[in-house]
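There are two complexes below, and they share chain A, which is joined by chain B in the first and by chain C in the second.
For the complex of A and B:
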């Protein structure tokens, strides 16, 4: 019993009658790394938010170090030695690392700041776990991986013995992940206990001592990790069935160049260069996967390709016709479909009905519009058809898009963008935030579009996904094309390019 | 469909409760002023609906309120906060009067000509704010509001200067030709043929939100990003939306000149601009709601006049009730937004990765 850092028993938490956690038991041994595995919406984050005091459980007890505790707030959780690093970092970007740590804390020097002392202590902790964080660097200058280390460092500095990490590797390159795992091992050596929330099986196998699987808010089981535990077994526990990454067969080989752009230069919203002389060709019946860490110009590229952002310079042809900087409607009419990264502000009108979201690119176009009037009958009929074909789970077409789950929202976008039989399909993070089943469905639809002769560009931060569906893999770093690799390229090689190390690898393809 | 019905019922119920609350507070004020609220409100009711003449007066009020509220609702649906109804009304009225007074053509031509002039002038006055927004990213709340002052000063200059009636010292123009005045429908009652224009516009508004243009306006209201993504030319649609909004308001100005005032005079827009804005919001920017809210406000004003005349209760009680309704409308919007925001937050937390930036 004394060996348990955390023991949660019979935890139940309901939101509006929906049980996000249903009698979940969870324990964490001291000095171990415990994986919390499950699909999105399985209740992982809810359970950990309860442990961190953000929510209160409806039923059940929590024991910390063998003592029953009522964790009423994060402040209480921190005082009990529990720290949490969220998916979205809570850092003030213009400030330095040490200033961020000092925010909201009382200075030990009265009205004067104890910056120097804190910085020294931070540096000491950083050295201890080989995190390499400079207390005086400003947050905005740090890479995502470094920012994450700052978050962890802060939690430890505040005295965390138990650390909850919510999907920590989602934002990291393979190399950064390795480094991150080293830090975790280092901390485990030091007697800290770690909970790793994830839905990536590879991570569970690689680093975790024990794993607890949640599905639909219920605990499916806890397993000690040893070589006899297979990924298949875990998937089965997680999804409740075997997910076979069964893609439609590739029925067509890539054809003529459909979309071609040369030396594209464009600036981001802040007016800084986002793309520098970016050139790429995409052929008919071809999926080009664009790998890269988020924020390296992918979004701007997609926007240029669909007319949403004006390029400063460069050329672009669509089927041989020059199309640079045309209006968005031009691209829509040319059947260039776009699945945007941001479903909530770009891909959907959240407060519009589902059926209107399905046709909003066809305002003023037959058959949805006749004589200047939108045809409700026709729109309803299309909704019924699309709902069945794309397996959209919704009560009715008049429901607001806001009320759907992420997966179903994405299906609305897919239906709209793929049902027009696109000539070009630009998909920016098409499966982000979706559970395994929905992601599989989306990828299948993308391959289908490819087999129907579309030229496809898939942007993804998920290397697995890129590797699964791409005919060629382009890698972007800091707005530049780092190289183009053939299907089946080595993950490590892609990772190097993603970090901007061009000279170290032979660039093949192009 | 059911959920739609349910939310409509909920919305209407909320509005009714809100109005009841405002009237209740008004009643308290009446009591404090030493009068009977029952008497005050029944006088008000009789003053609004008590006789054929009263009902005619109700419609006289309703014509400009409804037209302007429809105009405002067009802009508001696109989240273009056109606060400039007063100015657009004024400019429309000036244009109408100028044509009537200075272009010597038979009234058969002058009537449509002045109508076109009023509508076009007001449309461009409103479009100016749209253009400023597109070109300089100027907030339309500020620009439309400022354009109100400019329109008002322009009006004051005209009625005290070049357009002043030479017969008097008053700040007003000469009367428009008798042949251009709108026919009164029932003897001496002020109700005029402008009501048919209001009815036509009302019918059109029911269809308007189903047109391509209506869809585009609505989509812009959902967010500039998603509208651009959907292929809507946001800048052009913004200007066109403002033009339509201003056109309807200018039409109200035209009707008011030839139906009621027969001339321009200082402060011609009265408080119609403010009332129409509340009516549009209270009616949730939807034609049914706007009609209901418009009738309510027209009744409140007509009845309020009666109340002031027949009892010791001052008209300012009506002003207070109007003010309270404004506050409630705004509070309701804020409460709705807050609950929406909370709901999203909750979803995000519960869904783990359901929302990723």
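For the complex of A and C:
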């Protein structure tokens, strides 16, 4: 008992009657790294939000260092030495690092801010763990990896002995991940206890001492990690069945160039250059994977390719015809399909019915509309067909898109975008936030589209995914094309390019 | 006519008028900086000012104490904005709708109160309003004294609030918390800041300033209450905050711009300019809207602007 930093017993938490956690037991040994493994929606984050005081459990007890505690708020959690780094960073972007830190603690100058003193102490902690954080930089100026370091630094500065990390590596390049793991090991040496929430098996195998698996809100089991534990075993615990990593066979070799763009320059929403002389060809029956850390111009590129954003300069041809800066409707009519990055704001109208989302692109077009009237029979028939074909789990077609799980929402978009037999498919982060099963389904559908002669561009921050489905891999960094690599390229090499290190790779001759 | 406009006395009176007319915009605008920085768009400033105007006037009438009237205006402004706070923060109602509804309530209620308390009369009830201060020598200085040192005490108080507001927002823990709940309420919550409490205080401060601005109109700028005494100043002050990108010093310039246009309009009318008075009356509003159009594009709104917060929403 003495060596337990955290012990949670019988934790139950329901949202609107749905149990996100159902009698979950969890413990964390002092000075260890404990993995919390599960698919999206398995209840990992909910459990940790309870430990951090953001939610209160409906049932169950929490013991911290052997004492039962009622963690009523994050403040209480912090005072108990618990810190949490969320998946979506809890940092106010216009404020500086030190301002964000001061939000969480009492000022030593009463109602006035103690900026200078805090900044000095912060810099000291940053030096100790070699994090290289400047307390006075504004959050929006920092890269995602740096922001994560700010979060960890803040937690340690606040005196955290137990650190909860929610999907910390989702946003990191392979190199950054290694660095990050080094930091974790160093903190473990220091006697800190760490909970690592993840759905990546590689991480569990690499760094974790013990792992607890959750599925559908229930605890499946806890295991000490040793070489005898296999990935397959963990997958089985996590998904409840064996996941078949079977893809449709590649039935066609890439053909003629379908979509080609040359020297595209475009600005982002802030008016800053997002793409710099970006050129790429995509052929028929080919998947080009675009690898890169988020925010390096991928979104803007997809928007140019679908007519949603005007390029400042550059050329673009579709089947030989110049198409730069045409309106979105032009691309839709040319069978250019688009799976947008954010299904909540761009992909779906969340408060619309599923049926209506399904025909969103065809509103006013036959056969779904005649003489300005919606043809509900026709729409219903289409819905039934799509529902079966794409295995959409929904009560009925009149349900709001909001009420579906992420995976089923994505299936609605897939049905809409792939059912038209696209000639070009632009898929921006098509599996983000989906569980293993749903992600495999989406990738399968993308390969299917490819085998049906579509030219496909898949943008993803997930290297695994890129490697799985791409015929060629293009790497983008800071709006520039860093290079194009063949299928089966080395992860490390891609990682280097993702961080903008073109020359080094060239010199090393890789 | 032209020679009249370019005469020194015209300019002096124009600038003095600018400062005086800017005040009832500046006070509520400074208050709305707190409110809007915390992520709440309170469109009911107009109604709040009317409530402050009638209550301040009534109490000043009844007690003979202008300061008590001012205090009442502030308190009533806070009470009235408490409804807005409750609607937008606790009930999580749409802020635009709530604001518009409260404006109608405030305008109607103020007019009703006036009739109940003062009855219908041919001449409006009047009080002795705040008088301009008179500092020997200084107030008599040519030009400078006439422009800057012949106002009533509340004008100076209002302009003192500019650096004070800046200081609170930028240098105190309270200011940092306000910015945080407007920018990333979830982050603030996870750091142990009560989003509700900070947002309530931000709306209440805005209400206090609006109530003070309203009372200023009846007991310092004028000496009576009419139903149109606020005349859109509440709306303008909301706009000025956005024009000012939520910065107190810029809000001051915005208020002065409106003040200048108003003062100019009044003086042109008095001079009998050959422009229809209806058009002249539009001038301050047009000038402000034009300025807004040019400036607001660059405004970076707090990320959680007009968004209610709930911890359970994921």
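Quick note on the criterion: the second predicted complex is superposed on the first by the 501 of 510 C-alpha atoms of A that agree within 3 Å, B and C clash if a C-alpha of one lies under 4 Å from a C-alpha of the other, contacts with A are read in each partner's own complex, and residues count from 1 in each chain.
FYI, a contact is a pair of C-beta atoms (placed from the backbone, for glycine too) under 8 Å apart; a residue touches a chain by one contact, two chains touch by 3 or more.
On a predicted model such as this, the values are computed, not experimentally measured, just so you know.
*Asks:* Report for A:212: first if it touches chain B alone, second if chain C alone, otherwise both or neither.
*Replies:* In the superposition, A:212 touches no partner, neither chain B nor chain C.
*Asks:* Could you tell me if A:399 is touching chain B, chain C, both of them or neither one (first, second, both, neither)?
*Replies:* A:399 contacts chain B only, not chain C.
*Asks:* Have a look at where A:15 lands relative to chain B and chain C in the superposition and call it first, second, both or neither.
*Replies:* It touches chain B and chain C both.
*Asks:* In the superposed arrangement, does chain B or chain C reach more residues of chain A?
*Replies:* B
*Asks:* Now for A:112: first (chain B), second (chain C), both, or neither, which partner does it touch?
*Replies:* After superposing on A, A:112 lies in contact with chain C but is clear of chain B.
*Asks:* Touch check for A:332: first (chain B), second (chain C), both, or neither?
*Replies:* first
*Asks:* Which of the two partners, first being chain B and second being chain C, lies in contact with A:104: first, second, both, or neither?
*Replies:* second
*Asks:* For A:74, decide between first (touching chain B), second (touching chain C), both and neither.
*Replies:* second
*Asks:* Quick one: is A:408 in contact with chain B, with chain C, with both, or with neither? Answer first, second, both or neither.
*Replies:* neither
*Asks:* Using the touch definition from the top, say if A:93 reaches chain B (first), chain C (second), both or neither.
*Replies:* second
*Asks:* Shared contact residues on chain A for chain B and chain C?
*Replies:* In the superposed arrangement, which is not itself an observed complex, chain A uses residues 15, 54-55 for both chain B and chain C.
*Asks:* Per the contact definition, I'd like the list of chain B residues that touch chain A in the complex.
*Replies:* 1-4, 207, 210-216, 218-219, 222-223, 225-226, 228-233, 344, 346, 349-357
*Asks:* Where on chain A is chain B touching in the complex?
*Replies:* Per the stated touch rule, the residues are 15, 20, 40-42, 44-46, 49, 54-55, 87-88, 166-167, 170, 306, 308, 327-329, 332-333, 338, 340, 342, 344-352, 356, 360-361, 363-364, 369, 372-374, 376, 395-396, 398-399, 402, 405-406, 432-433.
*Asks:* What residues on chain A touch chain C, complex-wise?
*Replies:* Listed in rising order, the residues are 15, 52, 54-55, 73-75, 78, 84, 86, 89-95, 99-100, 102-104, 107, 111-113.
*Asks:* Tell me, which parts of chain C touch chain A in their complex?
*Replies:* 171-174, 176-177, 179-180, 183-184, 186-193, 300, 303, 311-312
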